[in-house]
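What follows is a set of structures for review.
What follows is chain A paired twice: with chain B in the first complex and chain C in the second.
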Partner chain A sequence: MQEQGLVVDKKKAKKNITENYRSFLTALPFIGPFLLLIILFYFTPVILTLIMSLTGMDFTLEWKFSGLENYIKLFHDQNVELVIINTIKYVVFTLVINVGFGFLLAIATGYFIKDENVGLLFQTIWMLPRMTPAVIYALLWLWFLDPTEVGMLNILSGKLFVLPPQNWILNHPMGVVIIANGMIGASLGMVVFSAAIKSIPIDYFQAASVDGASDWDIIRHVIIPFLKWPIMFMTIWQTLSLITSYEYILLLTDGGPLNKSEVWSLFSYHKAFSNYEFGYGAAISVVLVIIAIIIALIMLKLFGYEAMMNRGKIKV
Partner chain B sequence: MKKIIGIFLTVVLSMSLILTGCGKVQETKDAGQKSDSGKTTAIENIVIEVESYGSPADSTRSTNLQEAAQELNKILEEKGDNRRVEVKTNHVSSGYDEYNRKFMLAHKSGGGADIRAISHSDIAMMAQGGYILQLDDYVNNSEWSKYVQDIYPNLWDASKWMARIYGIPQDTEARPLYFRKDILKKLGWSDEQISALPEKIKNGEFTLEDMTRLAREAVKKGAAKIGIYHRPNNGADFITLVYDFGGRLFDENTGKLIFERKPIKDTLNYFYQIAQVDKVIPSGMTSMEWRQIHKGWVEGEVLFWYGGTWHWGEYQKVEYHSKLGKLSENYMFQNMGYALVPAPSKGGKPVTLSQPYMYVINRNTKYPDLAFALIAVASQPKYNVKHAVESGHLVISSAAAEDTAYKQNRFLHDVQYMLNYTTVQPNHPEFGKFTSAFFKAIQAVEMGEYDPEQAVNWLEEQLKNDVKDMVFVD
Partner chain C sequence: MRQQIKVFLPRIFIYLLLIFVSLPIVIAYLWLFSSSISRELTFGVLPRSFTLDNWRFLWSEIKIGTKVFENIWPVTFNSILLAGSITVAEVIISLLAGFALSRMNFFGKDYIMKTAIILHAFPGVALLIALFYVLNFIGLLDKIIGVVMVKVALELPMATWMIKGFFDEFPWDIEWAAYIDGCTRFQAWYRIILPQIKPGIAAVAIFAFLAGWSEFIYSYTFLFSSENYTLAVFLKNLIGDFRFLDYGLLAATGLFYLIPVIVFFLISQKSLMKMTFGGMKG
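Let's turn to the complex of A and B:
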């Protein structure tokens, strides 16, 4: 009997493999192009970066293999500690603005403003910086924060609080970087969250109102529970995006003054493209890739991503 | 199915035609000319791409080659060469690092401009990286040698890497200390005293300390808003001060960079003093905008300015003054003076620094002989003087220095003596790492983040990690 059972199991397993293979072949034309793009633009660069990190590639752009030399050098680099602290500050605080402020904007424009067109108008205004080229957006900030008496923020602080002109970027580089990135990042959160709010069945709001719930109660007990997955998605997405992004920092402070706003990804850029230490820059990037993978895995575990991705328990 | 194949073929054919049209046409053949033997030979038009860097006033670095191409074409015609040169120019005025980076990447994919104008301090990196041609044979043993033989020997030295020539000097300059005459007058200085100042600096009678004291007095008495301005970003001007304090940065015998702790610390101490102790420069000087600096200087708010000779040309071509716009040279002579960078102690030798520009030839070029010929022809005094006069640079040869237009230019004539006191940056591929770390150390002391001792320690530690080929001397 046991033997018979084993034979049946083997047959079942074989059947499953064949079925899986067939379903993969059926799906291939659909996922094939995207798979190819992912291999070309995600996996290949990571592998190339990994190989490059084991070389002493410099201004000659030649692959001179040097083993783990770059990683040893990174271990001894006196800037690493400051750069790590800066990166943590930058990611955490910008994330709070991106998700938190994005959520507030979504509530304001998608819940409190009942007229949908008016809500959309405000959302479009908030989206404008995202539609503006990064250089223009950074220039606007530079003009706004101009250290002279004609700088807009200095005029405002002078008139409102009778303060002398300040060099905002020099005195608060990290604050400037966080606010500038947060403002632009919040617009994405706003769009995702307001769409999620719109998808909540109206019955819940009506039932809550009938029960005498205040706006705060509705936000707390209706909106937030429904927005669990969008908040999770935005948090993961923005964390990974912030760890690797540096373009606004490059344009606003260039990591300065004195490395005060240098974050890990910009550190890699500077080593590779300013000092022409491409191998060293690649080693810094590899560390970034490893950290990003670890953070993504931790976050997916924390938010219960598996539960969301599991197949439905009810079969139709 | 036939329809699909038909559409596919049409798309492929159209794309091929479009891509063919996009291709870079380097040469075309025109209607022929008659050679001596009476036979008609086809004229070959060759496009030479030139790119240069500098302020808008320096665009003659490119346009001179365009003009020289006409003269070269006549020479080619006279000697029966059927090739004709057409020059395409691109003058870049911002982002020097990016200017180089773009070329390096283009070179690796087989492209890049045929001729480029770069700072001499990048010769080592470009030569060692295999980006540019070695030119000894062209310079010494070619039919075009006669055009470049008169170039000053010290400029040839600046064009060398491992004792080989890789660049043709294009111009040179000095980096004077400018001072505002109108501010000095407000402080009670007579015209005679003002005109004697450059001589006093030259003789070591007016030191860096005197300069700081005067700047402090000007700010205190309200004659100037700011005592001293220097450049806001990484650059050669800070190296001038290291040399001024007696520092050496390169050992020519060993070919290695040197880190001499004392003069470097003295230099950092100088910037610490003027920013944090005497407060004659803004503590945020290293994060100011260039335009703001130029505006402050031309509008008479600053007593001293560590500038360059090319700024003399730039202020006449770019509108920095909010009321006057471009400055007239008369206004500049009336209100601005120029001298060497004062010595740190009485009786010491003042300095300046030159950063000669070089024409280099891309190793990928198909026409190295024509590229060299073009540069050689453009090195003649008539072109070089035009560039010098228009952009405030100094000429490259004794013949050019004798040119009437050059001799009659009062500013260039006045600053010519500075070449006797000049220094240059080392030609070493890793020197850029030193300058960028050194700038951060200067930023640290000016902002009061580090004192000079902490800054020099930080710098030493950083360079030990970054630079392979450096000797550290206490």
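Let's turn to the complex of A and C:
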């Protein structure tokens, strides 16, 4: 009897395999191009980055295996300490602006301003930097902070406080990088949070105001509890984006002066594409990739599929 | 009376605060416009005289010393080509994949969907070095098509999920009717369903185009011949040489590059806010 059962199971298993195979073949014309691109430009690069990090590859793109040499070098690199401190500063302070200021903007435009069109007008103004190509956004900042009296900030500080022109980028590179990135991140927080505020049932607000609650009470006891998950989501999501993206830093300060605004991801970029140390750059990336995967898995665990797809559809 | 003041005072304060924090953004874009049409500015943002000289890059070449910059039109054409190809490829591939993920049952589907989510959160820029190697290996380094493929791959997970949502809402009955009438799956996809989900296709296409049009880092890293430059790379080079010489020229070039984005923004401002962030729950 038992043997018979086993034979049936085997047959079933065999049938299952051919069925799986067949179902996959019918779907292949549809899913094929997607899979091809993902494999070519996501999976292969992840594996290649790992292997490359074990080589001394330079601009000749030859595989010169060197074991863990890059990682040992990274451990002894004098710049690493500064870069890590910069990265932490950059991520933490930008996050505070992104989430905190985004929250304030959402409260102001979505709760205090009752006229929907006026609220939308302000939200549109804050969406402008996000829609603007990075190069133009950087140009606007470079003019705003221009070291001569042509720059807006120097005009303002000269007229209001009678101060001589300052070289803002040279003196405060980290501050510039954080504020410039924060202004863009804040708009995402604003839109996500104000949409969440709009989805709070109106009864809550009415009940609160019948009980004589002030605006402050409503914010504290109605809005913030409702926004707990969106706020948490934005914080983790933005952390991931901030750790890995460096476009605006590259355009604004290029990590300078003297590595003062160099962050981890840009460090990897510079090693590869300025010094042509592809292997070393890859090793720096591997650390980043591992951190990114951990954060992505935490997000998935906390928020699950659906929530992740419904939120934050614009990349930061 | 007192009660009213208590309610209104914070509101007025909030308005003033909002205007104050939003002012720098408005000033910055005002500057972009006014300095592109004027030689001199009052208070840094108000035009004093009118000139078209800053727009000279449209009809003559720009020189600095002995260095001559590329003509803007081939560069613009490259940008259109890049953004256009990204749009077409991304829309077609995500329409195909979204259909399979929404409508078909096949081995590995669940796995693919999970992967797509992780990839959506996973940053492509972290892989830039390896992507450089891959493009070089398949012979697409310094070719626009290479950047197109990389960009499409990185945007695909999100686009596919968006499209899948639109397919999910399409009623099964109509699709079944098509099969009974003898349609193949491909025909049902192409003739019956696609015409019905046009708004979704438009949304994905617009996002793909804007992402492609603004794209900087991949073009900057993977394209080095000047005949392959896009507007983003061109402007970046221009900023490097003209930053302390001629902001008028930079502003005009920036504005020229910004025009499609502004046009799109004005048309879809209201629906944009609702479309991108719709379906969010607290």
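Throughout what follows, the second predicted complex is superposed on the first by the 247 of 316 C-alpha atoms of A that agree within 3 Å, B and C clash if a C-alpha of one lies under 4 Å from a C-alpha of the other, contacts with A are read in each partner's own complex, and residues count from 1 in each chain.
The definition used in the following text is that a contact is a pair of C-beta atoms (placed from the backbone, for glycine too) under 8 Å apart; a residue touches a chain by one contact, two chains touch by 3 or more.
These numbers were taken from a predicted model, which means no experiment stands behind them.
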Of the two partner chains, chain B (first) and chain C (second), which one does A:Gly256 touch, if any: first, second, both, or neither?
-> first
Check the residue A:Phe273 against both partner chains and state whether it touches chain B (first), chain C (second), both, or neither.
-> both
Is A:Thr148 contacted by the first partner chain B, the second partner chain C, both or neither?
-> both
For A:Lys73, select first, second, both or neither according to whether it touches chain B, chain C, the two together, or no partner.
-> first
Based on the superposed arrangement, let me know which partner A:Ile113 touches: chain B (first), chain C (second), both, or neither?
-> second
Decide which partner touches more residues of chain A, taking chain B and chain C as the two options.
-> C
Touching A:Ile224 in the superposition: chain B (first), chain C (second), both, neither?
-> neither
Identify the partner contact of A:Gln123: answer first if only chain B is touched, second if only chain C is, both if each is, neither if none is.
-> second
When the two structures are overlaid on chain A, which partner does A:Ile85 contact: first (chain B), second (chain C), both, or neither?
-> neither
Go through the superposed model and pick first if A:Leu61 touches only chain B, second if only chain C, both, or neither.
-> both
On chain A, the residue positions that both chain B and chain C contact, one per complex | 61, 148, 273
Can you name the residues of chain B that touch chain A in the complex?
-> 97, 101, 104, 108, 125, 128-130, 284, 286-288, 292, 429, 432-433, 436, 440, 443-444, 447, 449, 458, 461-462, 465-466
Which residues, counting only chain A, touch chain C once they are in their complex?
-> 19-21, 23-24, 26-27, 29-35, 37-38, 40-42, 44-46, 48-49, 52, 61, 105, 108-109, 112-113, 120, 122-129, 131-136, 138-140, 142-144, 146, 148, 150, 152, 155, 183, 191-192, 195-196, 199-200, 215, 226-227, 229-230, 237, 240-241, 244-247, 250-251, 265, 268-269, 272-273, 278, 281-282, 285, 288-289, 292-293, 295-297, 299-300, 305, 308-311, 313-315
What residues on chain C touch chain A, complex-wise?
-> 10-11, 14-15, 17-18, 21-22, 24-29, 31-32, 43-45, 92-94, 96-97, 99-101, 104-109, 112-115, 117-134, 136, 149-150, 152-154, 156-158, 160-162, 165, 185-186, 189, 210, 213-214, 216-217, 221, 231-232, 235-236, 239, 243-244, 247, 250-251, 254, 257-258, 261, 265, 269-270, 272-273, 276-282
Which chain A residues qualify as touching chain B in the complex?
-> 59-61, 73, 76-79, 147-148, 167, 169-170, 256-259, 273-277
